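For reference, chains read A, B, C, D, E and F in written order, and residue numbers begin at 1 within each chain.
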Amino acid sequence: MVELVPTLLRQELARLADDDLRLDGRGRWDGRDVDLQIDCLYNAEGSAKVVMGKTIVYAGVKFEIRTPWPDRPSQGSLMCGAELRPVAHRKYEPGPPSPQSIELGRVVDRGIRESGCIDMESLCIVPGEKVWGVMIDIHVLSDGGNVFDACGLAAIAALRTAVVPAERFDVGEDYTLKVNGTPIMASFTRVGGRYVFDPSEEEELGGDERIHITLGDEGHLHSLQKGLRGVFTPAEFAEIFEVAHQRCSELRKLVATQEGN
Amino acid sequence: MVELVPTLLRQELARLADDDLRLDGRGRWDGRDVDLQIDCLYNAEGSAKVVMGKTIVYAGVKFEIRTPWPDRPSQGSLMCGAELRPVAHRKYEPGPPSPQSIELGRVVDRGIRESGCIDMESLCIVPGEKVWGVMIDIHVLSDGGNVFDACGLAAIAALRTAVVPAERFDVGEDYTLKVNGTPIMASFTRVGGRYVFDPSEEEELGGDERIHITLGDEGHLHSLQKGLRGVFTPAEFAEIFEVAHQRCSELRKLVATQEGN
Amino acid sequence: MVELVPTLLRQELARLADDDLRLDGRGRWDGRDVDLQIDCLYNAEGSAKVVMGKTIVYAGVKFEIRTPWPDRPSQGSLMCGAELRPVAHRKYEPGPPSPQSIELGRVVDRGIRESGCIDMESLCIVPGEKVWGVMIDIHVLSDGGNVFDACGLAAIAALRTAVVPAERFDVGEDYTLKVNGTPIMASFTRVGGRYVFDPSEEEELGGDERIHITLGDEGHLHSLQKGLRGVFTPAEFAEIFEVAHQRCSELRKLVATQEGN
Amino acid sequence: MGGYGDVKLLRDDGLRLDGRKLDEMRPVTIEAGILPAADGSAMVTHGLNVAVAAVYGPMEAHPRKIQRQDRAVIDVRYNMAPFSTSDRIRPGFNRRSREISKVTAEALESVVLVERYPRSKIRVEIEILAAEAGTRCAGITAASVALADAGIPMRDLLVGVASGKVEDIVVLDLDKAEDNYGQADLPVGILPNTGEIAFLQMDGDLSPDEYNLAMEYNFKAAAEIHEIMVDALKRRYEGGEN
Amino acid sequence: MGGYGDVKLLRDDGLRLDGRKLDEMRPVTIEAGILPAADGSAMVTHGLNVAVAAVYGPMEAHPRKIQRQDRAVIDVRYNMAPFSTSDRIRPGFNRRSREISKVTAEALESVVLVERYPRSKIRVEIEILAAEAGTRCAGITAASVALADAGIPMRDLLVGVASGKVEDIVVLDLDKAEDNYGQADLPVGILPNTGEIAFLQMDGDLSPDEYNLAMEYNFKAAAEIHEIMVDALKRRYEGGEN
Amino acid sequence: MGGYGDVKLLRDDGLRLDGRKLDEMRPVTIEAGILPAADGSAMVTHGLNVAVAAVYGPMEAHPRKIQRQDRAVIDVRYNMAPFSTSDRIRPGFNRRSREISKVTAEALESVVLVERYPRSKIRVEIEILAAEAGTRCAGITAASVALADAGIPMRDLLVGVASGKVEDIVVLDLDKAEDNYGQADLPVGILPNTGEIAFLQMDGDLSPDEYNLAMEYNFKAAAEIHEIMVDALKRRYEGGEN
């Protein structure tokens, strides 16, 4: 393992942090510009593309009809998966999904699921017989840092554009999926000893633990996750929690703006 | 591979064998003390814990309802599995079940299955539609030698305490599973050139092939297995077969005693 | 990797090619003697064994009853699989099917399937409910070069002897499977710079890319595949295409002769 | 969270179905050094949960590519026994257990003095023998005690504990019914002496104020569990080697 | 080939259902250098197909046993995104994608000057984001441009293109309906400058004459696509590094 | 054992359904050296069973961690062809074949002079082409002949043979019906010259006396099969290299 570069990078990041600077000139709580496109994939029932600095992510929504679980006969299901495949970066290797991929998919999944934005009862076709299964697949094409937020944004934006393909499955007319809310994730990484929002690839390479916060329209928490080695204090959390509220609101507006187009 | 220790250990074990001694002071046909607890696991429908020297094993029984095989419409099924997972010893590695794990599970399974102690017809709920599947899972927490006998004992003891959870599956009232007999396994390993009963971890490390004998209540054979490199003569088998009868009777009494508590 | 032998072998093969010679004395377009036996495996519903030089291949046909796909309610299915397992050569390693195995099975499968020799409608038992699934499994016991042609020949010969085991499945009387035609594969490898038919093990080791051509009774193409590193020109293809017609006709006659026995 | 609104989880007297107060923890017992084959081990019962942890190492890290020049890596496997739940679960790892293993390993790497063992690996095996909501926290607690039992130096004992929300009320330490039908779950790993957090997950719905109260409960419970952990280790050392 | 005879694929005016002539290709657009993290990359849209390719390397070949003393190996993964098809496909590789990956790698090894990089590996990742028949060809085209974008020397740009047969007529570049209900498909990888073929597959039913006509169409189309590839690379170098 | 009591397996004249006496073996034929690509090989037909074995090596043991400093390891794969049984079996290994592979390897390691090849591996591939009860025994016999054909020194030829019990009577060499509906099966691997046993499995129900009789039958049959093995090897060496 060549660990020389990260060591030098860590020193540089610590030096910059002393002056409250970041490698790419951003302020501590600034995010990179976000480019969001919706409805951009043929064959997906809903889709979105997010470009966030050097990070590029696609999400696509597909539907299937399945039998409901016996104990929830009138509920459909929602599933969100992400994979960090070798296309996205030199560091990712082929093989079965890595723990990193699994964590990414599950954190995005929980943020959307727990926000309650999809009413599982609304996915029922025939109680006890047929319900819709909604599947959001996230494809990371380029990992330039903070894939969590890019994946979270692509997933909810794709979901919000989804059209239920009822005609193709011979169960009525197509209709727009009802999505109640826009849960948004904001991620913070400790860089040079203090947290910053929306870490770049270099900041992740030379940084420590990260915290992922998903907030709903009302500012309630729907998902939290701490990843990687490191600890934090309640006071540190309180500070980034404040920032998360602002950043999530801004990104939620971006989604609304795109949908207005 | 550091194979120096086994070589020295083999020499020591051979030296002791010349005087008919064992490393831990036991006689050739003596077993270690056995501590058996039954009904010790929340959520398992039957359970047992066996401590045998440094070996610790849990077994738990679960039930499921399944469709019978078309050619046996009124028969349920029994399945017994064991895994030698990394928790149990430094030498076990993570990954799919090793040949050792598979052999262990299958030898225990055959001993119980072939003894006929479970009447498969008694597991029928609705012929051709619903039968009980009984699953015994064995969890080895510490491998201090002779896990085969510990697993066999835990499995049959757990099975004999099992309560069929009919209420939870909405097919009547709970009732105690009927188990006709107590098949017991006795294992022998060649150490220092001659067989000993109930090998310790050190005796297995410095020993050769092993023979596993499962006997039913009437002293009939229900399962035999030779494992590892080595050969034996019919005369040697006749000798350990005699010992197996005694040891199995004693362990069968231990199970009965615990059940009487 | 000891790549010395292939280098010397390549030189020798190039030298021979200058004089239009082959290592085993064959002409450029000559195949090795082919020994074909049919109906040679107990338990297989159709079977064949092919010996082609040092290459030995068995194929066996089995049937199962399955539910048809919803969009093709009156069509059965055909599946052909091959595996290059460690038995066949020192170079094959255990593990999940290699890309080589997958390619082999799929090329043979396409040749048979696309020739239309099995009418999928003829495999229907009860429309929408029960159709036959036909499975051809190919077992390479010895890879002495050109396993593709040996596998293709064994597969179609086995299929042509197959008897549908309707009685065992309780859906009528056994009858011979109807097979309309005898698709045959001919394979060419670039050796010493020019293509030869039916490469031996040594020619494959010291050769380059290969082309597999499957022709039907009328001389139509049903499957093409180029494998390994190398390029070819349309003129080169035209030449081997001519040869393929002759060789395929001869092998088709061999199948007919065996069936006449 | 299941989030079924129609299951009553609080009694008319304000107590919970099992009689606990809102900020009352289930009973916890801990025993260290229970597995003879391991370098360190512990069993934690937390309510009806039973978690066993075994520690092996530090040992050379294999394969080479997982080695870190400057520290040890901690390799955690969190595994639920097939009989640990109401419906049997198939042996082997699933996506849930892989995620828990990952974040638990990272939390433990945050408290173990991994710099002392460059190029090494410490194996931590967490086995859940019985599950009644809260197994990941019981597993963290068991792993901490097992690491201490193995003599591996740590900045502090990491304590696993969770709070949540049922019927719009924040409560400490959800049991199975509360987990199935409640509104939020906030499992954390706390270093009681430093007041830091090394493990954090959450799902459901919590307002900022609810989050603060839930975290307050968690810190209170962590102090209690910490005492039980220390007691278990004292008993172990007084009792001598097993 | 599906080979359903009862679906009409040619209009009475002799044109195809989407208005194309028999020897007319679907529209193709190519952009090079679209993935910042990769050493080379390209996106190809071919009809409604969307194929993205990323190239990493040359790098040291791992594990050792895949190394070749005299050349680089090319490691191709052709993968269809779960949402790329009408029915979702499960993530992960299947037999079809493994076969396509193998023969695509061999085709690329035939055009890259692999002798220049002994003991190395070049990773080529082909991701299909949207599929409308012809994805393996779009993937080959994208991989070629991505390799060129990564500065890896090649004998020629390899072009992926296919012809086929519908209603007993040879046509260029089957679309989805033509692929589902047609009679033959002949996908090839062509080196336009040398007139050689590095990739060849075919299934269905073709007489020798039909084969010759289909191949003639393929060569014509390859020349057209080649120009679009060259344009994309020119735009990329004029535009500078991204 | 299936243990269905209601299927008649013995005729009124005391013979078995296929006319064999109680202690009569099915016909056995053996051919050595049948696979040109292998270092040693054999085909055994035993009743309707067809077992083929190939031997490769001794060769360097890979990966390193399977190496033994003082001897060769034997790596056995017992595999049933998909078409070898009445119902097709999926290609690949299952729990049964893994267990048989393990104990067969250990039995062969007990008779091969493995000390002569430290750090080596000997690969033994057993392929069952047709199965009619008794495949593991036919496989052991085939593996022994293949090892001898490969010139690998052994203490003795290991012979695979089984006895069992049907209708409360001990019989030699169960066929398919006897295996399906019988009461016990005792497959062993015998060294005829030394009278030792290197392979032992058993399931069903046997009293001590029945065990002794079954084992007596096994030793008798092993001597018969041993002669056929020796004959096959003689024919092979007289016939010269293939």
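Definition applied: a residue touches a chain if its C-beta (ideal position, glycine included) is under 8 Å from a C-beta of that chain, and two chains touch if they have at least 3 such contacts.
Note that the coordinates shown come from a computational prediction; the quantities given were computed from them, not determined experimentally.
Novice: If each hop has to land on a touching chain, what is the smallest number of hops from chain D to chain F?
Specialist: 2
Novice: Give me the chains shared as neighbours by chain B and chain F.
Specialist: none
Novice: When you check each chain against chain C and chain F, which touch both of them?
Specialist: The shared contacts of chain C and chain F amount to nothing, since no chain touches both.
Novice: Taking CA centroids for every chain, report which one is farthest away from chain E.
Specialist: Most remote chain from chain E, centroid-wise, comes out as B.
Novice: Just grab the chain with the largest centre-to-centre distance to chain C, centres being mean Cα coordinates.
Specialist: Measuring from the centre of chain C, the most distant chain centre belongs to D.
Novice: Need the CA-centroid distance for the pair chain B / chain C, whole Å please.
Specialist: About 48 Å, centre to centre.
Novice: Rounded to a whole Å, what is the gap between the Cα centroids of chain C and chain D?
Specialist: Roughly 57 Å separates the two chain centres.
Novice: What residues in chain B touch two or more of the other chains?
Specialist: Residues 97 of chain B touch two or more partner chains.
Novice: Could you spell out the chains in ring order, with the walk beginning at chain A and its first step landing on chain E?
Specialist: A, E, C, F, B, D
Novice: Across the complex, what residues on chain F touch chain B?
Specialist: 1, 3, 65, 67-70, 95-96, 98-99, 101-103, 106-107, 109-111, 184, 186, 191, 194-208, 211, 215
Novice: For chain F, which residues count as touching chain C in their complex?
Specialist: Answer in residue numbers: 34-39, 48, 50, 52, 54, 56, 59, 77, 79, 81-88, 91-92, 123, 125, 127, 129-132.
Novice: Residue numbers of chain B touching chain F in their complex, please.
Specialist: Listed in rising order, the residues are 1, 3, 97, 99-100, 102-103, 105-106, 110, 113-116, 209, 211, 216, 218-234, 237, 241.
Novice: Could you please specify the touching residues of chain B with respect to chain D in the complex?
Specialist: So the residues of chain B in touch with chain D come to 41-44, 47, 54, 56, 58, 60-62, 64, 81, 83, 85-90, 94, 96-97, 135, 137, 139, 141-144, 168, 201.
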